[in-house]
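Please read the structure below before turning to the comments.
Each chain gets a letter, A, B, C and D, in the order it is written, and its residues are counted from 1.
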Amino acid sequence: MKKLLNTADSMVEDALKGMAAAHPTLRIRDRVVYRADGPRQGKVGLVSGGGSGHEPLHAGFVGYGMLDAACPGEIFTSPVPDQIIEATRAVDGGAGVLHIVKNYTGDVLNFEMAAELAEDVEVASALVDDDVAVQDSLYTAGRRGTGATLFVEKIAGALAEEGVPLADVADVARAVDERSRSFGIALTSCTTPHAGKPTFALPETDVELGIGIHGEPGRARVPMAPARELAATAMDAVHGDLPLQGDLLVMVNGMGGTPLMELYVVFAEVAAYVKGKGARVSRSLVGNYVTSLDMQGFSVTVCRLDDTLTRLWDAPVDTPGLRW
Amino acid sequence: MFVAWFEEAARLVHRDRERLTRLDAAIGDADHGTNLDRGLTEVHKALTEWPPESPVQVLTSAGTALIRRVGGASGPLYGSVFRQMGKVLESPVTLAGFSAAFEEGVVAVERLGKAAPGDKTMVDALAPASRALALAVRDGVGVREAFEQAARAAAEGAEATIPMQARKGRASYLGERSIGHEDPGAASAALFMAALATVAP
Amino acid sequence: MKKLLNTADSMVEDALKGMAAAHPTLRIRDRVVYRADGPRQGKVGLVSGGGSGHEPLHAGFVGYGMLDAACPGEIFTSPVPDQIIEATRAVDGGAGVLHIVKNYTGDVLNFEMAAELAEDVEVASALVDDDVAVQDSLYTAGRRGTGATLFVEKIAGALAEEGVPLADVADVARAVDERSRSFGIALTSCTTPHAGKPTFALPETDVELGIGIHGEPGRARVPMAPARELAATAMDAVHGDLPLQGDLLVMVNGMGGTPLMELYVVFAEVAAYVKGKGARVSRSLVGNYVTSLDMQGFSVTVCRLDDTLTRLWDAPVDTPGLRW
Amino acid sequence: MFVAWFEEAARLVHRDRERLTRLDAAIGDADHGTNLDRGLTEVHKALTEWPPESPVQVLTSAGTALIRRVGGASGPLYGSVFRQMGKVLESPVTLAGFSAAFEEGVVAVERLGKAAPGDKTMVDALAPASRALALAVRDGVGVREAFEQAARAAAEGAEATIPMQARKGRASYLGERSIGHEDPGAASAALFMAALATVAP
């Protein structure tokens, strides 16, 4: 394993130093990343967070029209309640705070504890669980939160800028989650700096279907196939769970080690697939946004838009990772 | 003994951190060893910088440090075991009192994690350990032997997670592919109980 | 080698289809990527291009405030004169066209031929040659064009939007190049889809210093080192050639397979280095911008800003790869 | 013969494309085989779809196809060889005329690429081939033998690039590390000349 780092232990801290140096619009203190111009009085505050290693998620989405604060945990490890409490209090502008939480046991537990302990702030919580690779049943921890997190943060962030109450921001966040589905395919495993070797072994001939964003192995391993087939596999899984129809927001997302060129190849296939189902790619995003360290592969996330969601998606955003 | 317990647990987890991370790599996200090692280093620091004055303080301080520094699923879960124990442990500490408090700690984890035995989690090591302690109290065996029985039960419980299919936590995503691997949290729970046996008076 | 593609032969075409589907602001025809709203009468047209595999460079930088057209060649192969002629004629709004050409024999020859053949259009050419890893001497093809290409395209593009004459746009492009230097370090080789295996073999223990963006091996191989040392090695090379002073525009660029988190770690070290020399990081960019397929590693590019360049860098830009 | 020359060159380059790409990987960017294979496929197409009516047309059409489809350094360079040959070749074609035209083609490459023999480029195979042709004309040897001598000279010239340090093209970036590898463009130039020998009347 070769990685650009000083030590595995200092990696999160070192990367945050780099973020702070690169982005004067951010303020970083005690492992929380804030908008330098926050808190905004009367605006609902948005706090998200999770393990590090998914950059630009979440810290890269702090800024106008998106998050007010992000709490980066250790690599692939949810943040601790202290960070979340700190962030929640700091971004409260009197209108309450929305926690956007990816559905992992660790994230859920730590955000819950923090919400309880920050009892002086009105907190609502929106869970993101879009990964159709995981069956949501009594026998699992429920669906994982992956790509849709970006959609939820963007759209809820845009609504919060309009000055609406906490309940409305929470509602739109949940609506986006309900209307979104994801599926991911890995060509290689990621390697965590502490483990120093790939989390799972994947031969040159195979890909892993339905992987998570923490190097969790998927549910099946199949032979490597052309982009067209891999895209179809992912889209079949999405479409089988939430039929593609109407105007869609579609993200083809790289897992961190995937070159943009390959993502465009996949996007062409995904767009053709959508068209084949009679639906329409109305908005799109292609790039490495919700990553898993150096993993190679892609995930596709689809959200069924309506007019409100489209308007909020199009609303201005100014963060290091997303800007228009 | 309580301070020694955490020192010994820290030693064992540090020693075995790569094994724990490897177990977590197989069915999770390859951080359990690092997480717990970081947390127990913090526990050590907390116990050294703010010397506790009672077993209750040790448990509370350790539990809090774990919650504050581990993150992930295991941080709040382990933190809850010890904080809950600290809440209910009566002094002077007896084996019966310890066993009762431990039982409540395990219940707290089950509640927080919504996990039951058989779900392939740390509960599968903690619950048998708790039962072993209760039996030892009932049978009136000595502290050392009681702790040794608890350690044995936890180790067996951890091993028994191998054929299980996970229903909680990250390993549950794997469905049937989670079968055949020891649960990392159960393995670390067994280390906690082994540490207890080592420092038994 | 596993890559997200259908066939190696169709990869460039397939990726362009994906670009077209993802970006309604682009129009793609006959292997040329245009602004959908071009040509603009009276505005100098900017055309760049080069081998594919460096995405988002160049096609991702087509749009308001940057390029009017990009000519993507085959992977790592400069475009052919036909494409360039086509693009040059199409974007000419009567004010002439600037060719921005990275200094490689192939790029230079093909752009030269095209400029000669498009005799009906007034063409100026700006060469980018910023890579200090290559000695500019009688014994080489001269310095390579790498990261500074982005700076040149952005700043010349901004000036062109102001409606100034071709000569001025060409002058600012050349000024940016003269004030910019780059150096790159690879942790792994890239793998071209046709070759199917890494262009050079790099053991787990070593890094390659002074690599190009086409998998050209570097000039030396040294043991892997912490990010701080690698950053210093790159910055020493830059500083040794163009002393760091005053306000700097600094890019820490990933080679395509480098996770953002690692780039932030490097950026923190680069920023500290700059400070140590008494200079100032005035503007910055961190991300995968001028890539080399799936290569892991980074390059750093530094440009000495002045007030004009700063103003032009800050000017609005709206392209798939760069937007503010 | 001219059409056959390009058909045979296309066959040889296609057969050896991986070797050429491998040579380019060592000191360049691993695309020379793919580039030339694509270009010669295009030449074949051009010659089939627009059957040329004279050697001059074959050369011009092939050169143009190479320029239009290869890209990179080798596209314009090879294209210039054949376009220049087409410009100056006199009909009816004689060995002397061919030799003179080829010489001009090589000069065109040297001018365009600013390359001289010893720079470790295709010139190091083309120039010796050109010299061999000229000598053959002077000595009055037959066409087949002349072409065979040219092919041999090109092959030797390509091999002689191994110990050279590159001064032009991408390989020059490597400085001394370019030593010890055959230049891919010289290797492909040797294939062109080998093809010529094969199709000699």
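To be clear about the criterion, a residue touches a chain if its C-beta (ideal position, glycine included) is under 8 Å from a C-beta of that chain, and two chains touch if they have at least 3 such contacts.
Remember, it's a predicted structure, so these values are computed and weren't measured experimentally.
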Exercise for the section: Treat chain A as missing and name each group of chains that still hangs together through touching. Expected result: B | C, D
Practice task
Could you tell me which chains make contact with chain A and chain B both?
Solution key: none
Practice task
Could you grab the centroid distance between chain B and chain C? Build each centroid from C-alpha atoms only and quote it in angstrom.
Solution key: 54
Handout entry: Geometric centre distance via CA averages, chain C-chain A, whole Å
Key = 29
Fill in the blank from the handout: Per the C-alpha means, the centres of chain C and chain D lie apart by a whole-Å value of 31
Handout entry: For chain D, residues contacting two or more additional chains
Key = none
Practice task
For chain C, jot down the residues that touch at least 2 other chains.
Solution key: none
Practice task
Counting only chain pairs that touch, give me the topology of the graph as line, ring, star, complete or other.
Solution key: line
Fill in the blank from the handout: Chains touch one another in the pairs A-B, A-C, C-D
Handout entry: Interface residues, chain A side, partner chain C - complex
Key = 1-7, 11, 14-19, 21-22, 52-53, 55-56, 60, 187-188, 204, 207, 224, 226-228, 230, 252, 256-269, 271, 281, 284-286, 288, 291, 293-294, 296-298, 323-324
Exercise for the section: Going by the contact rule at the top, pick out the chain D residues touching chain C in the complex. Expected result: 21-22, 25-31, 33-35, 38, 67-77, 112-113, 165, 167-170, 172-175, 177
Completion exercise
Residue positions on chain A within touch of chain B in the complex are 51, 73-82, 104-106, 109-110, 113, 133-135, 138-141, 144, 192, 194-195, 199-200, 212, 214-217, 219
